[in-house]
Amino acid sequence: MRDIQTVINSITEKMLPRLGAAKVADYIPELAKVDPKQFGIAVTTVDGQTFVAGDAKVQFSIQSISKVFMLTLALGKTGESVWKRVGREPSGSAFNSIVQLEREMGIPRNPFVNAGAIVVTDMVLAGHQPREAIGEVLRFVRYLADDETISIDNRVAKSEQTTGYRNFALANFMSSFGNLHHPVDHTLGVYFHQCALSMNCVQLARAGLFLANRGRNPVTGHSVVSEKRARRINALMLTCGHYDGSGDFAYHVGLPGKSGVGGGILVVAPGKASVAVWSPGLNEVGNSALGSVALEMLANEMGWSVFGA
Amino acid sequence: MRDIQTVINSITEKMLPRLGAAKVADYIPELAKVDPKQFGIAVTTVDGQTFVAGDAKVQFSIQSISKVFMLTLALGKTGESVWKRVGREPSGSAFNSIVQLEREMGIPRNPFVNAGAIVVTDMVLAGHQPREAIGEVLRFVRYLADDETISIDNRVAKSEQTTGYRNFALANFMSSFGNLHHPVDHTLGVYFHQCALSMNCVQLARAGLFLANRGRNPVTGHSVVSEKRARRINALMLTCGHYDGSGDFAYHVGLPGKSGVGGGILVVAPGKASVAVWSPGLNEVGNSALGSVALEMLANEMGWSVFGA
Amino acid sequence: MRDIQTVINSITEKMLPRLGAAKVADYIPELAKVDPKQFGIAVTTVDGQTFVAGDAKVQFSIQSISKVFMLTLALGKTGESVWKRVGREPSGSAFNSIVQLEREMGIPRNPFVNAGAIVVTDMVLAGHQPREAIGEVLRFVRYLADDETISIDNRVAKSEQTTGYRNFALANFMSSFGNLHHPVDHTLGVYFHQCALSMNCVQLARAGLFLANRGRNPVTGHSVVSEKRARRINALMLTCGHYDGSGDFAYHVGLPGKSGVGGGILVVAPGKASVAVWSPGLNEVGNSALGSVALEMLANEMGWSVFGA
Amino acid sequence: MRDIQTVINSITEKMLPRLGAAKVADYIPELAKVDPKQFGIAVTTVDGQTFVAGDAKVQFSIQSISKVFMLTLALGKTGESVWKRVGREPSGSAFNSIVQLEREMGIPRNPFVNAGAIVVTDMVLAGHQPREAIGEVLRFVRYLADDETISIDNRVAKSEQTTGYRNFALANFMSSFGNLHHPVDHTLGVYFHQCALSMNCVQLARAGLFLANRGRNPVTGHSVVSEKRARRINALMLTCGHYDGSGDFAYHVGLPGKSGVGGGILVVAPGKASVAVWSPGLNEVGNSALGSVALEMLANEMGWSVFGA
């Protein structure tokens, strides 16, 4: 194995001159305020070591990356019956497309597009009050990352709630097909809060480590999911983790990953490490521009692609 | 590593009572004649050993599996400029859908749906006569499998030519956008012939071995593609190899694969082996029903999923 | 001219044995309670006579028929700039389809599908409070029909508000494109109330009479719209008045019309009469089953098709 | 009635300064050669008089206008069973869209989009050789117009045959659903020839006169279709005659009409007259730009809209 610290230092250096070139997401007002000239990376290996470079300890809004944790939580609660209400196929569409929902009678394509994550949130809600469910999500992510300081940025949650017409459209549309079991306001209340989880690269890499290590966090010893379930969540991240850029990410990086419009990407190198990168500027399909480039470099340098020998 | 022969014997035995339950593809008249009560499997490891069970030496029509070889050939001829005329994203649609083509102005989603493979065939044709291109394809597959006896079943090719209205529709549609550079009849002539390649599981597993071994066939020593390109082709197989069943296959099997309506599936376990299964009965998304089940068992037993540790 | 009373008596008699065969709309709970075994018809001629038969004086929920009055109101307020926010083309889709909206960036196809009527309602709202706008709509319809007893059924409005997820989806979706200028709850509040206008056939036929008489109500003498605008509203009713059954209605009846899921249909015979029919059972495209049949008979008997000599 | 000659003279004069501003269709090479600076109009009244202005006696390619004559012919042969293989609803799509065909299993929306007219052509073919069917079509149009000099421009037919990939796509697509009963080449052979009918405004207005006069040509006395069928064909022209510009045409002109990319438009004023205009430059939805404007003026001046009193 190459010296991870050297590799990520070198990558971070190469990113410096390109900082700020790509545009920050602006459809959520709070996110539009973030300084685009930032880049951080953290790698946590399955033997428990953590390597960092750049702005790895700056908090950011993880946004859609939380969809991975929500799915893990829902699978824990409901098991494979999750798949009665959401599919497992790549959508070939943008994160907030509604077209497919009409054709497929309110069943979203997969848990990593917005519609799918809203249904998954509805499963996590499971009859509780939104406040309780938000608490449960927060506790779960703290447990995964073994870090009690992780919190939710209420201004971001509020900001999305006020401007998230598309998500209200998706939720109401699914309700019209009976695929939400709670009032739209409740489900979306939880949804906007879990999107607003505020983490840094180190916390995020640690939270994802169980997926690189057969379902078990090697640091805390917590067994989060079975080995088989860890493989399956990884498979979903690889095929569906980047909306209509999923094929491209698999082609260039070759690792399961999930991106968020806050500029973060969580990536899993099975049997090796969990990686979190963050840089707020986005490319044309809504993924962190520098983050994607950095991960391609890292996967190549380390030989971590799941598609190689 | 578990004893491969024992594993595939056991799998084959479990398949026996289920033979003939699923329906054979009937839209190509010649294929409809095949006896559904057959099952074969061949595994070729990167150290050159081959293990077989069941009807592993019966010839069958590889159909869409050839799309992998055609893409390899086109990438060799044109390099990454292939991606100017065909995308790299999962389609979320059936193999012969035309809807996406209209929305995306004649650019197919990926090289593994019919429209994409027709464009790839047009690239392979590259100004030559159909007869020459068919010869080149045949030579290439024989070279990959190191087997000069591989042939094309002209009755199958003819049968598709007579009934392949959908493919004629797709080809003419792309021509209307200028995305075919040869007469429709020429491109489809080659397309129908490469679909009609007749191979058995042993030949097919060997032909795919370079993808499991960093681009190099370990038996013949031929370097077919670079290590990076092998990884990328594998990535495409994983995200797009089974039409609108691609996500499901990744979830259950966790290996890059490409299926054909003849009932064959080629699967790559990077660094380990190339696997070919065949059983003519198809499931509801058009993949071999028993083949899919057998591969899930094999991947589980051998611990070969790319998403595990 | 044939004797209208004789003709509608004969039609009503023919309808009697078929009463109750078709199913009442059940997606709005309040409407599901209506007794399906009812049929009424009223014809008001441009010389001011009214002919009735059957249940012509029973109140029913006019539902989508109100879209005609809302468009008239919006055109009066904003003139032809209405067409910047809504199209004028038949949709070829169901009344509540959302697919077209995504493709056309939040601009509904025409004012007679739900999405279009919601935008038109937003124009009528024009900065006022929902309560004021509802009052204005009610006053306008009373003025058109010259009948101060017309009212809004608040239970129906409430019933739709509680179950109208699709309309909430449509409204939020258009808001995400900036095509609603008021809070979704305000616009939909007005929308659900105008749908819940309760009228009988006589009132409805009179309210539509201006469209048959060059924009002027011949009874009250009120000039509602210009002659040109009356023609244009009629044209929209003919091409778009029955969702994906518009072509069929034009083919069989040959008159501008607008149907509602409450089982009413308003039809305009330019230069001759305004007709309202009502029977709650719906056909497969959501129009009154007996109402459609009755209107075909009436148009044939009277020679009123706009497409004849 | 206003003096028709005065009205069309005045309209033609107003068109002169605008000649040549709009672009000629260029996707059929032969049509691209036509001089855009031409405008002609002919009006034939139900009492048999003909009024002309401008280039009313210059031959042009009637293109899609022939779809009206083909439908008339098919209805004569097969009656209402025509509607088992083609719909009667506006498509809301471009003339050559294929998307709807996939969703609706090979049944085109209406006989006036290309796919629908291809199916109608297949009905007219009815087991005969293409040459015979072309002869029949030509004889029928000569009979309608009472003019034996009408011919088909074989260079135009050839030009479309060589470049008509979209139509080949549509035809093959429908064949894949079993909705063509003859070889694609035969059906399209007839289709391309009937599109290439060469007529002038006078001939065209006369050929359409039966539709303005209850199905009977008042000049020849030929009874072409029943009164009811004439009304129904007019209804289809109004709702579907101008592709995704049908609603707009109804809104502005208010008369049943059918346009062709050659720049011609045939319009029917029921009980009054048949009108043909021609000017090669097209607007953004593919209809004659000046022709549309001229017809709006004519309908207004004469008070011919079917939606007025």
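In order of appearance the chains are A, B, C and D, and numbering begins at 1 in each one.
Criterion: a residue touches a chain if its C-beta (ideal position, glycine included) is under 8 Å from a C-beta of that chain, and two chains touch if they have at least 3 such contacts.
Composition by chain, UniProt nomenclature: A, B, C, D = Glutaminase.
Since this is a predicted model, take the numbers as computed values, not measurements.
Chains touching both chain A and chain C: none. When chain centres are set by their Cα atoms, the one at the greatest distance from chain C is B. Computed from the mean C-alpha positions, the centre of chain B lies at a distance of 47 Å from the centre of chain D. Computed centre separation for the pair chain A/chain B is 32 angstrom, with centres defined by C-alpha atoms. Averaging Cα coordinates per chain places chain B and chain C 55 Å apart. Shared interface positions of chain C, i.e. residues touching 2 or more other chains, are not present.
Touching chain pairs in this entry, ordered by label, are A-B, A-C, B-D, C-D. Put simply, chain A touches chain C in their complex at residues 97-99, 101-103, 165-166, 168-173, 175-176, 184.
Partner chain B is touched in their complex by these residues of chain A: 46, 87-93, 100, 109-110, 212-214, 227-228, 230-232, 234-236, 238-240, 244-248, 250-251, 254, 256, 270-271, 300, 305-309.
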